[in-house]
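First subunit A sits with subunit B, and in the next complex the same chain sits with subunit C.
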Partner chain A sequence: MEETLFTLIPAIIVLPLLGALINTFLIRDGRRAGMVASLACGAAFVVGLAAFALLAGLPHEEQTHIDLTLWQWIDAGPLDVPFGFLFDPLSAVMVLLITGVGSLIHVFSIGYMAHDARPVRYFVYLNLFVAAMLILVLANNYLLLFLGWEGVGLCSYLLIGHSFERKEARYASMKAFVMNRIGDFGLMLALLALFQHFGSLNYGVIFPRAAELAGQQINWVLGPTALASAIAFCMLIGVSGKSAQIPLWTWLPDAMAGPTPASALIHAATMVTSGVYLIVRSHSIFLQTQAISNLTVYVGVATAFVAASIAIGQYDIKRVLAFSTVSQLGFMVAAAGMGAYTAAIFHLLTHGVFKALLFLGAGSVIHGAHDVQDMRRMGGLRSAMPTTFLTYMAGTLALSGIPIWAGFFSKDEIIGSAFHGTRFGTYPVSGTILIITAALTAFYMARQVSLVFLGQQRDTSYHAHESEPIMTIPLWILAVGSTIAGIINFPGLHFLDHFLEPVFEVGHAVQEPLEFNIPLAIITVVLALAAGWVAYQVYGKRQWKKTFRDPLARYLGVFFEGFEQRWYADDVYDTMVVRPFKATASFLSRILDPLGIDGLVNGAAWLVGFGGRGLRRAQTGYVRSYTLVFFLGVIAVLGYFGFATVR
Partner chain B sequence: MVPTEYYVLLSTVLFTIGVIGVLTRRSALVVFMSVELMLNSANLALVAFSRQWNHVDGQILTFFVITVAAAEVAVGLALLVGIFRTRRTTNVDEVNTMRG
Partner chain C sequence: MNFLLSLIVWLPLLGALVVLFAPGLSDHTAKRVALVWSLAVFVLSLPLIPGLGVFDGARAELQLVERVPWISAFGVDYFLAVDGISIWLVLLTTFLTPITILSTFDAINTRVRAFEAFMLALQTGMLGVFLAQDLFLFYIFWEFTLVPMYFLIGIWGGARRIYATVKFFLYTFAASVLMLLAIIALYVLWGQNSFSLPDMVQAIRNNQFVLDQNLGRWLFLAFFAAFAVKVPLWPFHSWLPDAHTEAPTPGSVILAGVLLKLGGYGFIRFNLQLFPEASRFFAPAIGVLAVIGIIYGAWIAYAQTDIKKLVAYSSVSHMGFVVLGIFALNPIGIHGAILQMVNHGISTGALFLIVGMIYERRHSREIDAFGGLWRVMPVYTFLSLLIIMSSIGLPALNGFVGEATIMFGTFSSPFLGWEFAAFGLIGVILAAVYLLWMFRRVMMGDVTEATAKMRDISRLELSMLIPLVALILLIGLYPTPFFRAMNESVTALANGLGPVLAAR
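On to the complex of A and B.
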C-alpha cells in the first residue's frame, strides 16, 4: 500500500507540470489549452484523492511516516537536502484543496478567458502555479518548501501582470513580487538559523528536536533572545508577506489586477494559504515561544479587523473580496498563533472553497456585465444572472458565518478557541475583536450583494447576461461545497481534528476537540444577521441615483474616508518607501552615475590619454635618434655590468 | 706574429666608425654599410680571440654572423627598395611616418 502511495505522490506534482509543458510547446488554441490544463489539474485531484484515501486507511501512527525521497537534491558538505515529499494528513488536506478548487478555477477560466489575448500563456502559468503550491505543501524539508514558496511568488507575479498592457497590472505585479520578496527574506533568515542549529533542514530532524530552540539564547537585534523566538519571528515576516498580514498586506488587494479566476486561485486555494500552512507546519517551533505566538495572534487580529473595515468602504466588486481575503487570513493566522492549528486549517479549507466561489462569482458578474467592476454602476443583476446570484448567496452566507454554511463552523471554532483558551491561555480581547470583525464581514458582504444584485440597475449603458455553463457549473459545485463543507469538522464529529491529530502529536500540540459553544454561536449569528440586516436596510432598500454616494459617508464621516482610502496604508508606504526609493534611484541615475561612475571611468581614460599626449613627443620618427638612444642604452647596460663585475 | 691587441684596436676603430656612420649619415644605404662595418668589426675581434686562445668557437660564430648579416642585408635591401618605390627617397629622416 505504501508503494502505491510512493508512486501516486510524485504524480500529483508531475501532472500539472506536464500540463504546463504540453501547453507551452504543443498547444496554440486557447480553448484546447484550457482543456489540457483543466485535465492536468483534475487528474492531479483524482490522484490526490486516491492518495488521500490510502493515507486515511493507514494505521494512525504510520500516517506521518509517508516520507519519500526521490533523489538527492543538494549534497554540499554539511548541507544535505533531499528532493523528498512528506505526505501526512496536513499535506493531504492541502493537496485536496489546491487541486480540487484549482481544477474548478481552471474549468471556469476556459469560459472566462475565451476572449483574452493570451489564453495559452495564462493556462501555463495557472498550471505552474498549482505545481509550485503542491511542491510547497508536499516538501519534506524547508528548502524544498522554499522552492515552492518562491514558485508561487513568481507565478503570482506572472498572473497578476498577465494583462501587462495595463499600467496598474504591471505595477501591481511588481508590488506583489517585491512585497513577497521582503517576506521571503525573513523566511530565508529563519532557514539559515535552523540550519545553523540543526545542521539540517529536514522536518524529520528539526521537529522532534524543536524543544532545544527554547533554551538557546542568541544575541539579536534587541539583546539576547531565545533562538526559537528569533526563528519564529523571521518566519512570521515570511508569513506576513505571503499571507498578506500587516505590515506586508497591501499587495493582495492590488493583486486583483490579474484576471479574476487567477485572483480566485491566489486568494483561495494557493499562495496566501501558504503562510498559514507554514505556521501550522512549524507548530513545533512556534510552540516554543509564547511571545512570538502572541505576536502572531495580534498581527492576525489586527489584520482581520483593519481589512474588514476597509472592505466596507470599497466600490470595486473584486476589491471588497480582496480585503475580505486579507481579513479572513487574519482569522487563520490568529488561530495558528493561538495554537488552535486545526481551527486554522479548518478555516483555511472552508475559506478556500467559499472565497473561490465568491471570486468566480464576481468573475461571472464582471464577464456578464462586460468588464464593469464598479459596484456603483451595477444593481439589479439578480434577474439577469439568476445562477450567479444564487451561488453568490451561498458564498456570502458562508463568509458571513450564517449557520449550516461552512464559514459559520470554522469561524466559530477560531473565536471559540480564543475564549476557551489554548496552551498559551485565553485571548478574550482578541476574541471580542474577532467577533466584531465577523459582524463587519456580514455587513460588507450584505452591502455588496445589495449593491450588485438587488434594486435596479443604476448604469443602464450595458446589457448584463448570464454566463455560459462552463462557468456556472464550477459555481454550482463550489456553492454546494460552501454549503456543506462545515461537515469536515462538524461539532461533535470532529473529523478534521481526528485526522490531523497525528501531525500535531510530533510537536505535542494536540488540542482537545473544541466543544460547541452555544452562547457564543448565538452571539456571533445574531450579530452577523443584525449587521447583514442593517446593510440591507441601508443599501438594498433604496433606489439609488446614478450619482451614487455611499450613505455611510454621511454618518461616519472621517472614518468612512479611512475605509475608502484603505487607512492610507498605501500612501504611507508610498511616502515612506516608494518615493524615497525612487528619489534615490533618480539621484543614482541622474547624478551619481553620470558624474561619479562615468566620471571615474572617463577620468581614467582621460588620464591615459593625457600621458600619451605627453609621451608621444618622444616618438620623433627619426631613425637616427632611435639608434642613438639604443646605443646609449647599450653603453649604460654594459657600463652597469662592467661596473658591477669590477666591484 | 701580429699581437692580438692590434686586431682588437682595429676592431674597435672599425666599430666606432660604424656607429658614427649609423648615427650621422642620412642615406639608408650608407647606414646599412655602417651596420655591416660594425658586424665585421665584431667578426674580426672574434677571429682574433679565437686564434689567441686556440679555440675554434669564435671562428664558428663568425660564420653565423656572416650568415645573419647576409639575411639581414637581403631583408633590409628589399625594404629599402620598397621604401624607395613608394617615397622616391632613401633619406632615413624623411621616412618618419611613425612620428608621434
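On to the complex of A and C.
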C-alpha cells in the first residue's frame, strides 16, 4: 500500500505541472487551454482522493511516516536537503482542499475568461500555482516548503498582474510580491536558525527534538531571548506576509486587481492560508514559546477585528470579500496561536469552500453585470441572476456563522477554544473580540447581499444576465459544500480531530476534542442574526440613488472614514517606508556614489598621476604611456628582487 | 591527454591570431570562425565535466597537472592544474564565450575581426587565471586579461568609453600591482626559489613556512586589494557601473559573466589558502563590507534610469553575497560562493543579453523609453521574466540555491553569524524591489508608439538564451552534481583554515 502511495504522491504534483507545460507549448486556444488545465487539476484531485483513502486505511501510527525522497536537492557539505515529500493527515486534507476547490475554480474560469485577451497564459499560471501550492503542503522539509511558499508568491504576482495594461494591476502585483518577500525574510531567518541548531531542515529531524529549543537562548540587541521565541517570531513575520496579517496585510486587498476566479483560489481559499498551515505544521516549535504563541493570538485577533471593520466601509464587491478574507484569516491565525490547531485547520477548510463560493459568486455578478464592481451601481440582481443569488446566500450564511452552515461550526470551535482554554490557558478578551467580529461579519455580509441582490437595480445602464452553466455548476457544488462541510468535524463526531491526531502526537500537542458550548453558540448566533437584521433594515429596505453615501457615515463620522480609508495603513506605509526609501535611493545614486565614493577614487587618481595636468588631458591618451611606465617600473622591481634572490 | 588544459588555454589565443591575420576574412566569416573556434574549445572542455571523463570530482587534490620549468633562474614553472574549486569556473568560461561571441553577431559591426580576436584572447587570459598554479604565471594571466578588456571598452564602447576604460584599467591595475609586490615578498620570504602555490600552501600548513602575524596580514591585504577591486567589493566598485554602461553588450556579458569571478576565485585560492590566520582576523570586517555592498548596490540600482546601469549595480549587490559566503570560512559558505559565482555568470550574463536585445531594437536603454513589451514581445518577456526571477533568487531557479547556501554558511559561521545573514537577506528583498520595478515599467504597461513596432525575439537571440535558461533550471532543481564535484576540495580547503571550521 505504501508503494502505491509513493507513486501517487508525485503524480499529484506532476499532473498540474504537466497541464501548465502542455498549455505553454502546445495550446493556443483559450477554451481548450481551460479544458486541459481543468482536466489536469481534476486528475490531481482524483489521485489525491485515492491517496487520501489509502492513508486513512493505514494504521494510526503509520500515517505520519509516508515520507519519500525523489532526489537530493542540495548537498553542499553539511547542508543536506532532499527534494522529498511527506504525506500525512495534515497534508492530505490540504491536498484535497487545493485540488478540489481548485478544480471547480478552473472550470468556472473557462466561462469567466472567455472574453479575456490572454486566457492561455491565465490557465498556465493557475496550473503552476496549484503545483507550487501542493509542493508547499507536501514538502518534508522547510526549504522545499519555502520553494512552494515563494512559488505560490510568483504565481500570485503573475495572476494579479495578468491585465498588466491596467495601472492598479501593475502596482498591486509588485506590492504583493515585495510584501510577501518581506515576510519571506522572516521565514528564511527562522530556517537558518533551525538549521544552525538541528543541522537539518527535515521535519522528521526537527519536530521530535523541538523540546531541545526550550532551554536555549540567544543574545542580541534587546538582551537574551529564548531561541524558540526567536524562531517562532521570525516565522510569524512570514505568516504575516503570506496570510495578510498585521502589519503586512495591505497587499491582499489590492490583489483584487487580478481576475476574480484567481482571487477565489489564491487570495481566499488556498495560498493565503499557507501561513496558518505553517504554524500548524510547526506546532512543536510554537508549543515551546508561550510568549510568541500569545503574540500570534493577538495579531490574529487584531487583524480579524480591524479587517472586519474595514469591510463595512467598502463599496467594491470584491473588496468587501477581500477584507473579509483578511478577517477570517485572523480567526485562523488566532486559533493556531492558541494551540487550537484542529480548529484552525477546520476553519481553514470550511472557509476555503465558502469563501471560494463567495468569490466565484462575485465573479458571476461582475461577469453578468458587464464588469461593474461598485455595489452602489448594483441592486436587485436577484431577479436577473437567481442561481447566483441562491448560491451566494449559502456562502453568506456560512460566513456569517448561521447554523447549520459550515462556518458556524468552525468559527464556534475557535471562539469556544478561546474561552474553554488550551494548554496556554484561556483567552477571554480575545474571545470576546472575536464574537464581536463575528457579528460585524454578519453585518457586512447582510449589507453586501442587500446592496447587490435586493431592492431595485440603481444603475440601469447595463443589462445583467445569469452566467452560463459552466460557471453556475461549480457554484452549486460549492454551495452544497458550504452547507454541509460542518460535518467534517461535527460536534460529538470529531472526524477531523481524530484524523489529524497522529500529526499532533509527534509534537505531543493532542488536545481533547472540544465539546459543544451551547450558551456560547446561542450568544454568537443571536448576535449574528441581530447584526444581519440591522444591516437588512438599513440597506435592504430603502431605495438608494446610485451615488449614495453609506448612511453609517452620518452616525459614525470619522470612524466610518477610517473604515472607508482602511485606517490609512497604506498612507502610513507610504510616508514612513516607501518615500524615505526612494529618497535615500536617489541620494545614494546622485550624491554619495558619484561624488563621495567615486569622487575619492578620481581624486586619488588625480593626486597620484595627473596632478596639475588635469583629468581631461590624461583621458586623451597620456594614460597609455603612463601605464606603460608604471608597468616597466614594476618589472624593474621584480627584476631587482629576482636578481637579489638568485645572487 | 596530459596537455588538455594547455590546449584549452592556448587554443583561443591561436584562434585570435587566425581571426586577426587570416587573409581575406570578411566580417561575416570572422564572426562565424570565432564562434566555431570557441565552440571547439567548449567541446574540448566537456571531458572536464565531473563524471564524464578525465576529472574526478571525488578527489580533493589538483588534477590534470602540467608542470614544466619555465624560467628556472627564478624558479618559475609553467604549472597548470584544476581542482574542485576551479572546475566549474573553467567550464563557465568555456560555456559563456561562445554565447558571448554569438551576441556579437548583432551587436558588433565595426572592426569585427579585431573584436573577435580580443574576445578569444580574453578567453585565454581568463582560463589561465583559473588554471595557473604558479604565482608568477597566475599574475601574468591576471594582467593579461586587462588588455583585451581595455580595448573592448575603449574602441567599441559608448560616448564616455575612454573615461570608463581608463578608469577600469588604472583601478584594477593599480590594485594588482599591490598583489605583485605581495607575490614577490612571499617568494623572497619563502626562499625556496619557487612560485608554486600548492607547495607554498603545503609548507604553510606544515608550519615549514611561518609568516609573521603582522606581515601576513599586510600581505593578505595586498592580495585582497587586487581581488576586492575585481569583484568588486564595496567601496571599490565605482569603476564597474561606468565600465558596464560604456561597454558593448558582449563586453558587458563577459565582464559580468566571468571577469568579476576572477576576484572571488582569487579570494578563495590565494587569500584563504595562503593566509588562514589573516583570513580569520579580517573575516568580520570583510563581511561588513560585503553586507554594505549587498544593500548599497541594491538600493542604488533602484534609482537608475538606465537599464544597463541597474543591472551593473545589481552585480555589486550579488557579488557581495559571494564575498560573504567566502568569508564565512566554512564549507557551506564556500560551496555556496563558488556556485553563486557560476549562477551570477549565467543570470547576469543573460540579463545583459536581454538588455542588449532591446537596445538593438530601440537604440535606447532608458527605462522610460519602453513599456508594454509583454504584449509585443511575449516570448522575449517570458524568458526575461525567468532570468529576472533567477536573479531575484526565486527557489527552483539557480540564484536561490547559491544565495540560500551562502546564507546558511553565513549564519552558522563563527566569524559572521546571524546579524550578517539578516542584513544580507535584506538585499534579497531589495532585489525583488528593483528588478520588478524595472519589469513593471519596461515589460508591463501599455504599448507606446515607439515600442509597438518592436519585433519579438529572433532565432539567433533565442539560441543565446536557451542554453542559459536551461542551466538556470538545472542548477535550480538539481545542483547536487555541482556541489559534489567541489565538495572534497572545499572541505580540504576549509580544513586548512583551522580545525574549528571543518566541523560546520
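In the analysis below, the second predicted complex is superposed on the first by the 583 of 647 C-alpha atoms of A that agree within 3 Å, B and C clash if a C-alpha of one lies under 4 Å from a C-alpha of the other, contacts with A are read in each partner's own complex, and residues count from 1 in each chain.
Please note the rule applied: contacts are C-beta pairs under 8 Å (C-beta built on N, C-alpha and C of every residue); 3 or more make two chains touch, one makes a residue touch a chain.
Owing to the predicted nature of the structure, the values given are computational and were not obtained by experimental measurement.
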Partner chain in contact with A:Glu150 - subunit B first, subunit C second, else both or neither: second
Touching partner for A:Phe177 - first (subunit B), second (subunit C), both, neither: second
Which of subunit B and subunit C A:Ser589 touches, first, second, both or neither: second
Which superposed partner A:Ile518 touches (first subunit B, second subunit C, both, neither): neither
Partner touching more residues of subunit A, whether subunit B or subunit C: C
Contacts on subunit A seen with subunit B and repeated with subunit C across the two complexes: 618-620, 623, 627
For the subunit A and subunit C complex, residues of the former touching the latter: 71-79, 83, 143, 146-147, 149-151, 154, 157, 161, 164-165, 170-171, 173-174, 177-178, 181-182, 184-185, 188-189, 192-193, 195-196, 218, 220, 581-582, 584-586, 588-590, 593, 597-598, 600-602, 605, 608-609, 618-620, 623, 627, 630, 634, 637-638, 641-642, 644-646
Of all residues in subunit B, those that touch subunit A in their complex: 19, 22-24, 26, 31, 92-93, 95-100
Contact set on subunit C toward subunit A in their complex: 73-74, 162-163, 166-167, 169-171, 173-174, 177, 180-181, 184, 187-188, 191, 193, 235, 237-239, 296, 299-300, 302-304, 331-332, 335-336, 339, 372, 374-375, 389, 394-396, 400-401, 404-405, 407-409, 411-412, 418, 421-422, 425-426, 428-429, 432-433, 436-437, 440, 443-446, 477-480, 483-484, 487, 490-491, 504
Residues on subunit A engaged by subunit B in the complex (per definition of touch): 615-624, 627-628, 631
